[in-house]
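There's a structure below that I have some questions on.
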Amino acid sequence: MLIRILKNSFLKRPKPVLLVLLSITMGAAVATAFLGIAGEVSHKMALELRSYGANILLEPTALEGGGFLREDDLPKIKTVFWKYNITGFTPYLFGVADLNAAGRRERSVVTGTWFSKELQVPGEESTEQGIKGMAPWWDLKGRWPEAADEAILGAALARRLKLDQGSEVAATVRGTVQRLKVCGVVTTGGFEEEQLFAPLVTVQQLLGQQGKVSRVLVSALTVPMDDFGRKDPSTMTKDEYEKWYCTAYVTSVAKNVEEVMSGSRAKPIWQIASAEGALLTKLNAVMLLLTLLALGASATAVSTSLMASMAERSPEIALMKAMGADRFQVSAIFLGEVLIISVVGGFVGYLIGNQLAALISHTVFNSSIASPLWLIPMAIGSAFLVACAGSIAPLRRALLIEPVRVLKG
Amino acid sequence: MTALKLVPHLVAFFGMATVALRGATRRGMLAGAALAGFLGGAGLAATLTGSVPGEFTYSLLRALLALPFLLLCAVSFAALYLSVGGKLPLARLERVAGWPLTRTLGLLVASAGAGAVAGTRLGGALPLWGWGALAAAAACLALAALLLESRLPATLTTSRAGFIALTVALLLFSASWSTRLDLFAPLTMKVMKFTHDFVHQFFESMLIPDHLFIHSYLWGYIGLLFGKEVGFWGGLVIWFTPVVMVLLAIRLERLPSVGHLRQGAQRRRMLAEAIRARRLRLVLPGIAVLLLAYAVYRSLYPSVEYWDPKPVPVTANAGGEIFLPRKGEIDLMDGKLHKFLYQQGGKTARFFVLLAPSGKLTVDLDACAICKPDGYGQAEGTVLCYYCKTLIPLETVGKPGGCNPVPVEFTEKDDGIHLNGVTLINTWSGTVQSTTRTMEKGK
Amino acid sequence: MSQTTIKTSGLTRSYGDICALKPIDLSVPEGEWLSVMGHSGSGKSTLMNLVGGLDRPSAGSLHVGGQDLSSLSEDGLARFRREYVGIIFQQHHLVPYLSALENVMLSQYFHSVPDEAEARHALERVGLGHRLQNRPGELSGGEQQRVCIARAIINSPKLLLGDEPTGNLDHKSTLMVMELLKELRAEERFTVVMVTHNEEVAAWGDRTIYLADGVLVREERTRP
């Protein structure tokens, strides 16, 4: 009988039912879309942020004196406590040289670095280190240098020298001349476009700084800084220090690296390090808040439309009560209605939300995502929750209807 | 901590007592039987785990726990058969089942089961006051069950099969809190193995001679039978079938005949009351379904209890060499962490032997180079440093560095592992000293 | 006719300052057909609502079928209504989206369980066997009122209340409805309390009471 009542009620009054269905569907769709992309967004954002490169900078302690770091120390970075968290590092050696090519002369910074060097560390698996892995956003025309006499040019410098890949350039420093084959031109959007990049060994020879490095950029996976992480290690108790050392804060990883590079000072590159953690937490919080707001809004909409339909149906409810329906029976009819609407609304909402998530993901991150299946019960559950929350007030009102007053006359 | 571990088992015991008291006459005797069963079971199981090492107690208990489930299967089948109008020569059995003594014995056995599950989790040496506290708690719960049962509405009852279903569900729920007594996981394994063997044998004997007729897509479907899912879904079906049959049996119970009533309203009122009562009888088996579902959940996602055996003391021979046989009392090759304790000259070193996924044994200190030597526990695919809660993949155990356990030099021979006692002690002392120094430095 | 169905003493109902029903003492024996007459605002509907368990008295005692209505809870009153009372309204008050048959079954549903055969039989008894599946909007006033009667008697009430059941009907339909009620009462032996302002309709009862401004002013026995 209940089913019969509900069926007829749906068929004969499609408008209010559709209105409620619409609000519930919207709520479920927005919830699905937000939750669906929330996880994806964190992941994508982490990757995007990661692509902004290193988050720890290693410099010689005595900068003014033209101090240097030792190249021999570099492999040790892969042996430190947090070695599994260090995804890559690149050494740099800077110098100024006169560049000569087909009659044009330019004074420019020459950078010696690793492009994609296979690093052998005893007891560890060999890894590839260098700019190629650390700066994936570099837009390189041509290929990465492989031989010692190959180099790549920053785009601005290449334009001034009127060079392109395949041409040759001669670099002169205090009488030492090194001929380099240009095998690529790089656009980075930064100061690197003014530089020439050559293998580290070549530049060391050119500058006469064998085995020396001016700075190292390290890229590490770190945990977001919290209040504990910001504490000064020197004021910690021994238990705290231990815990700090054992947590992959950017500071503790930096300290860790600093310990193995003799004469070095490690500085976290704060903008990125803290942005990464903080941004992701904030992003998730915003997503959650938006979802809750959407659900709240749709609950309000449900409540309003149910209120309206309740006013319209009050004679019917009064009649049911006059016929002897108790509160449970009256509630069963209305909650049954709401339950059916919310299951349908939840499912439809899931389908719509799925498309919405795909659309957002496509426009914002230019990639497709697949919503996980657990979102279906999620969507239906949240739809039901919204429907229940929205029907509390109308139901209370229905239960307070006095048959005598409504049926009078 | 131990007390917290016992909560689910005490809850199960409480539920059983309450269920058995429903509509019973000799209530005091029943409550007493429940209490005696629980404590007896707990005592027996605790003694057994303490005195017989290894898996024996657990396999025994698992087998014993499977019996009530089989009983439930039989009962539910009979109940369903009877309720769809079948006839079974069960008159004598019905009579026996109706005796108060049968109910008392049933409760005694069931609560002994719950007690035994609790007993295995107590560990060997529980002080006397611990037993006292346990007995007091159980007695309080038995009294509470008496009290609660008398408050419940008389209409909240169910069929006999329903009572049995709920009791068995409580038992399985209780067992699911212990990963080593959980029945669902072995059930899925059995189902998987059975399907695997059956399909294998069947196709081997029947189809291989002309298997050319089988299209490749058909092989795809046959291949599904070898998947992990077969075990899970098959296990799920077997797990829930008895209770669902009990529910169905109640749902299909005949309504009272109302033909003799002339007035329609009276007839309908009687029917409505019968339907209401029938619905209420579904509540208790419904709870059983929830309990079983929770047991499955616990089996799939056990609360992380790390495998952390007690260190076994070892001694060195005259040459200062410690020898651990590959397959002695302890099977080093089973992929689990095995902890040992070595004492020499007032110094103690804790170390463990583990078969790495690469197939090589490693020997490491039960401490890392950084943290306080709180030791390691083993979880799925990882070991965990208790101090800093870092998970270390099994693949990297045996490599130095980070929070990895400090490796110890050893030689592996055909018969087992040989390592030098002095080196071991020195490595331990050095490591522990340096970690202490790190801590001091931070001050 | 030894049992009393309705017994009131000092029954009062006031809405705020307005006293709709002055203290009234009334006793209706089982099986009686009582007509209640009076102008609008005389308190006759208030009396009927109180007796039917739709409203609560402000003061005085009210016993219907041996139950003290003022002591019942909200759900207790609902139970009383569905098991003891059948009500026929002037405005019919049928659920618009349900068919005639379903409207009768709705009453069965609230009482216990729906029984379609029984509901159909009840509608056949009031002469609507051919309009089972029609919705209220497709029925004439007289037909709607007969659905209402079928719904009111389906649960075999001990007390049938009529609130101007013929107020919206023409003379022919009125006669038909009253005739039907008389027949049903002869079969089912329920007590009838019928509010009306039509002398002719009131004459169908065993006894008529006259209310004016909430006071019982006159009582008249139409049948011995």
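The chains carry the letters A, B and C, assigned in the order they are written, with residues numbered from 1 in each.
In the analysis below, a contact is a pair of C-beta atoms (placed from the backbone, for glycine too) under 8 Å apart; a residue touches a chain by one contact, two chains touch by 3 or more.
The chain lineup, named per UniProt: A = ABC transporter permease; C = ABC transporter ATP-binding protein.
The shown structure was predicted, so the numbers you read here are calculated from the model rather than taken from an experiment.
*Asks:* If you tally C-beta pairs in contact for every chain pair, which pair wins? Let me know.
*Replies:* A-C
*Asks:* Per-chain Cα mean versus the mean over all protein Cα atoms: which chain has them closest together?
*Replies:* So the chain nearest the centre of the shown protein is B.
*Asks:* Could you state the distance in Å from the CA-based centre of chain A (ABC transporter permease) to that of chain B?
*Replies:* Chain centroid spacing, chain A (ABC transporter permease) to chain B, equals 40 Å.
*Asks:* Taking the mean of the C-alpha atoms as each chain's centre, how many Å separate chain B from chain C?
*Replies:* One centre to the other, that is 64 Å.
*Asks:* When the centre of a chain is set as the mean of its C-alpha atoms, what distance in Å lies between chain A (ABC transporter permease) and chain C?
*Replies:* Distance between chain centres: 71 Å.
*Asks:* Would you please write down the residue numbers of chain C that are in contact with two or more other chains?
*Replies:* In chain C, residues 83, 108, 111, 113 touch at least two other chains, as defined above.
*Asks:* Provide the list of chain A (ABC transporter permease) residues touching at least two other chains, using ranges where the numbers run on.
*Replies:* As it turns out, chain A (ABC transporter permease) has no residue touching two or more other chains.
*Asks:* Going by the contact rule set out above, which residues of chain B touch chain C in the complex?
*Replies:* 263-269, 271-273, 275
*Asks:* Of all residues in chain A (ABC transporter permease), which touch chain C in the complex?
*Replies:* 1-2, 4-5, 8-9, 11-13, 315-316, 319-329, 402-404, 407-409
*Asks:* Can you tell me which positions in chain C touch chain A (ABC transporter permease) when the two form their complex?
*Replies:* 45, 49, 52, 54-55, 74-75, 78-83, 85, 87, 89-91, 93, 95-98, 102, 105-111, 113-114, 151
*Asks:* Sort out for me which residues of chain C touch chain B in the complex.
*Replies:* Answer in residue numbers: 83, 108, 111-113, 115, 118, 154-156.
*Asks:* Would you tell me which residues of chain A (ABC transporter permease) are touching chain B in their complex?
*Replies:* Residue positions touching the partner: 79-84, 123, 233, 236-243, 245-247.
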